[in-house]
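Two complexes come next, and they have one chain in common, subunit A, joined by subunit B in the first and subunit C in the second.
Then we have the complex of A and B:
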């Protein structure tokens, strides 16, 4: 095998690259799909041709964005096989199902009805067309549901057991996967984040028209639809974000500790509203955690445990163990130290090796004994691959700053949409040029916020590709580093070129407005 | 192994085969892309062809994605072994589809950075490489690949990778195998012939109709010849067989020929499919004004591809033979998901007829009026 860690890093970089690009386009599809659906519904109900013009205008931008979302999406699915082949076998029995269901239930729906949406205006009835527009939007959300069920399962593996005979995890409860609290929260959180971005996008572009004194009807009406969708999205994001934090505290405490930069947790843990991390701080030194911070007393305990004096473990607490925790069954336990977990993981791996030997020798007694040892230690299986406790800590600055950028921007979007809606109904917006410019420049902030959220979710769970069961480096394919480096740069170049093309087309279409419609 | 499990493994191989067969039929979109420059003598003609294909490309693309997803869900060991091993072959396929996905939407829009010509070149690359490489990849179901699977590697803590490719070409070696290439070229020329059949059905334009007829003739003839050689070489080849009692894999001369004999219903399906494709090609190329060829040829293609997948995976045949370690070969028995997952997925598969029904309904509603030059001159959304 190649230099394992170089290969892992490049494989991760490639997956991150494609996911970051994909996540630039998908949220806009989710948000704009709903907004266009609402606009066409208004056209359908009022028969006002101006609403048809508005609908078709935003639909054009939807189409430009959708195409590149499709282009970046295909590679994500296949990368599980090409670059994470060990993962594909180890959990393919569970993970493959949501991907297949996504294809059957969502992709065909989108592919079928998007054609009607764009080309069906004069070919099908108004009602059929409206239904097609909504079905495209619903298809996009169903697609998000299944991929997020898959992703949530990686963060909180439920509904499965390990089968030593085939050396993989097998599903034993489909509904546990689909209805896991992590999946439910994540689905609503991600889809409503798409609504927020859709709202920001529509409000921002409409604001630009008002600044230029063009497309006034389109701009004023679109701002209201966009801001309502954005506001609804922001409120759902906030609610599900709180739910997500609670789930993270329970199921991925190390991620929460990194999100808040906590090394030594306490009861009544404060929440860092704003902070600058001390770059010299490591888990094994006594440096200060922050150079500067603005804490809010007890708030993290309330959010994470629903109790003002609840204990929130920090990085060192999780490494050292010994505090009262809950296991996956909700029973109170004393948390094991990282070393103890690593020991248990090694016992599990050794038991699997013994099971294989016994199986080859047809020794049923030895097989049963090895299996019992494996079952007793399996929840720490992934720790068996870990060499040092340091590997168990995610990149704290990345996760901490991403989390805080996301939260601060989320708060800003809430105020932004409320302000835009009030001023829009008071007909004051066209005169407030500064606010219109703020709206235009909020568009990139929307993208920053959503990407930050993705980074928190995915960087925060490292080193795990499947929480506690498989570390990322054990999931890769056995290929040359040079191959992955080459495809990484090919993807980077191709996606960047396509992004430039997408933005170029968008800008031209925005500049053109509805003049030729 | 339980009888129940064997049933579901066969059922899922049927679904994978069906998706593969529909995918090969839908590759007429790629075939059409490869014909754009040859058949479209001016912008208007090209525009009619692009817009005709552009309303179908997502079906092909989606079928490919679902084919991949369904393979992952039902036979994860194949997904793990082939995708991770034949890295460059699959990456090349993916690249060719990535550039297709934006090309229709972006090609004629101002501000598209690369210019219309580049997007048309993207469509050409995907049009040729898509069918060719997919054909080569499926060819390895008959010719095998160089891999070893050892699940006990999971207990090696340094590098616990269970399936490994044994050459450094990582899939590119499949391109220099004559039989793989033969299947790739067969799929390509079938896609081109079917594209011409599709244009005859979907575009109302006298000139393009006549040119399509010529393309049906040329590409159909090349396809028929290549197909004949591929089928002959496959039926004469030595294949692998699994001993159901011991699960040992051994070689058997004329394995695929015997599969047809031992599964006569597959042989009937195969012959019916070939007859339908030939009927569509001959009647469209020589008949006076036959526009329904694509349907006959489409059904024929689905039947032929289904039967090829069946002889590759049924009748105790490992569908992914390993030519370096025979016992590592993948079969529907040793590479499938668990019974629980197969059953769960089977419940979901009951949605497939419903999905097919709405696709058929929408397709008919949208294709009631064929594409005309007039529509291309209107200001409606177009590519």
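Then we have the complex of A and C:
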């Protein structure tokens, strides 16, 4: 069993490493694409050549980020086939469709229009060039849509039927998959987070130019565009974040409990604005949950249930069951205890085994009977692999602190963009050196915030790779630990080189400014 | 001017070809970026995918039915499958 967990841990570490590096490049592409589109629109409308210079400058940085980041996500797909073959087979049809659409869209939209964007100045009409720039930005967002649809299905598996003959989930409602409330919230949340990062990036670099008293027109104008996009992004992130939290409360209550460090929920549940977890707290002891906390009364109930006195279950409540909950169809039910779910899961696994035996014996009656048992218990299928209730609890400190870092930084970005915009329009910004330095150092905070968001989403849903249906350790391939370790270090080296290349080329271009253009 | 006029009268495919050719020729920073992209794609597809990331089910089984049976075996006897794993060469 220890070997198994080593294999699972290394495979998870490798996937996390790849996803974290990939997510360094993607959001900047999403955000800068929109900002460059707005800048070129201003050039198109005003005919002011200085805006063309500004557009081309940021387009160059967009190109650097795009070139270094492109195809890093493909490695995640390699890993599905090698490290996660049970999972890959189990979900193939559902996961395959969105990813195939993503691949085609990305290739045709981005590859076509990005070429016009970079090569087309003075060769195509201004209108067609502008359209190409926007289509590149939109194409990047549409690519993100399909990845996020696939991810959302793992968090909230809808629109499918399990086929016990092939051991695959088969999509039976494409629109339920694409328009699931989890997918819709996740898409707008992730894309607008890219706008926030793009805004921070543009404001930060422009602030550096103001500090160096260089590129003043570019810097002042870019700060305004960047800050408006960043502010719009922050507001959409806040709105969709609220929507996501509501969905998490309904569909992944354990994740919400970990995000807030709640063990025993109440009606009128407070929200922890800031807290230090008690490291000795476990679900089966009576230690205090926090060493220090700043709670806001009833706020979590309002956010999670839309009612001030709504009940929000804690970790122990979810393990014990007995509270009013909703099933996947949205019907009110009394929540089962973890033990009951584990028993239902074992029934489902046994039914699958019986179905398979009956199928090999061509015993239709037995197949039908096993199929009925499987269908009746399938929503708890994954619980059949769980040995102890502790396995159902994600790593609370990791999820709690990542969530609070994300929220605190999100609040900071809102104030930051408002302050930058006010001072920019009052023409006071170039004199406030300290604020310009704050803007420069906000760039890494943007990345920290976005990575923290993904950590909450992915660590918070553990132990599930597919919510309630498949735990991560059942998704794994039968391969040697050493091979996963080897590729982990290969990736670590490759991605670090790419990151160093990106930062190096970017810094060179930033130092160069617009002198060559 | 005459070059532009000749370009406009050329067939569409030729114009697209020239558009890309001139674009690539005129690149400065872009050449470095393309070198990075090509090296990266080479490493991803010709080294990592070929030597380190085989599709396990495709590699070990010939038909979808065999793959399905293997996954069902793994799902219904998870402990057995992982014991088998350590015995595999």
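As a working rule, the second predicted complex is superposed on the first by the 512 of 517 C-alpha atoms of A that agree within 3 Å, B and C clash if a C-alpha of one lies under 4 Å from a C-alpha of the other, contacts with A are read in each partner's own complex, and residues count from 1 in each chain.
In this text, a contact is a pair of C-beta atoms (placed from the backbone, for glycine too) under 8 Å apart; a residue touches a chain by one contact, two chains touch by 3 or more.
As the structure is a computational prediction, the values presented were derived from the model and not from experiment.
Once subunit A is used to superpose the two complexes, subunit B occupies space that clashes with subunit C.
Of the two partner chains placed by the overlay, subunit B and subunit C both lie in contact with A:119.
Of the two partner chains placed by superposition, subunit B and subunit C are both touched by A:60. In the superposition on chain A, contact of A:184 is made with neither subunit B nor subunit C. Comparing subunit B with subunit C, more residues of subunit A are touched by B. Of the two partner chains placed by the overlay, subunit B and subunit C both lie in contact with A:166. Once chain A of one complex is fitted onto chain A of the other, the partner contacts of A:97 are limited to subunit B, with no touch recorded for subunit C. After superposition on chain A, the subunit B segment that clashes with subunit C is 148-156; the remaining candidates among 148-156, 220-228, 238-246 or 346-354 show no clashing C-alpha atoms. The residues of subunit A shared by its contacts with subunit B and with subunit C are 4, 60, 63-64, 67-68, 70-71, 74-75, 78, 81-82, 85-86, 88-90, 115, 118-120, 123, 166-168, 349-350, 352-353, 356, 385, 474, 477-479, 483, 487, 490, 494, 498, 501, 505, 509, 516. Only residues 3-4, 60, 63-64, 67-68, 70-71, 74-75, 78-79, 81-82, 85-86, 88-90, 115, 118-120, 123, 164-168, 349-350, 352-353, 356, 385, 474, 477-479, 483, 486-487, 490, 494, 498, 501, 505, 509, 516 of subunit A touch subunit C when the two sit together in their complex.
Residues of subunit A touching subunit B in their complex: 1, 4, 56, 59-60, 63-64, 66-68, 70-75, 77-78, 80-86, 88-90, 92-97, 99-105, 107-116, 118-124, 128, 132, 163, 166-168, 170-172, 174, 346, 349-350, 352-353, 356, 384-385, 474, 476-480, 483, 487, 490, 494, 497-498, 500-502, 504-509, 512, 516-517. In the complex of the two chains, the subunit B residues touching subunit A come out as 55, 58-59, 61-62, 64-66, 68-70, 72-74, 76-77, 79-85, 87-88, 90-91, 94-95, 97-99, 101-102, 104-106, 109-114, 151-152, 154-155, 157-165, 168, 170, 337-338, 340-341, 344-345, 348-349, 351-352, 355, 358-359, 362-363, 365-366, 368-369, 379-382.
If you check the complex, the residues on subunit C that touch subunit A are 19-20, 22-24, 26, 28-30, 32-34, 36-37, 40-41, 43-44, 48-49, 52-58, 64, 67-69, 71-72, 74-78, 81-82, 84-86, 88.
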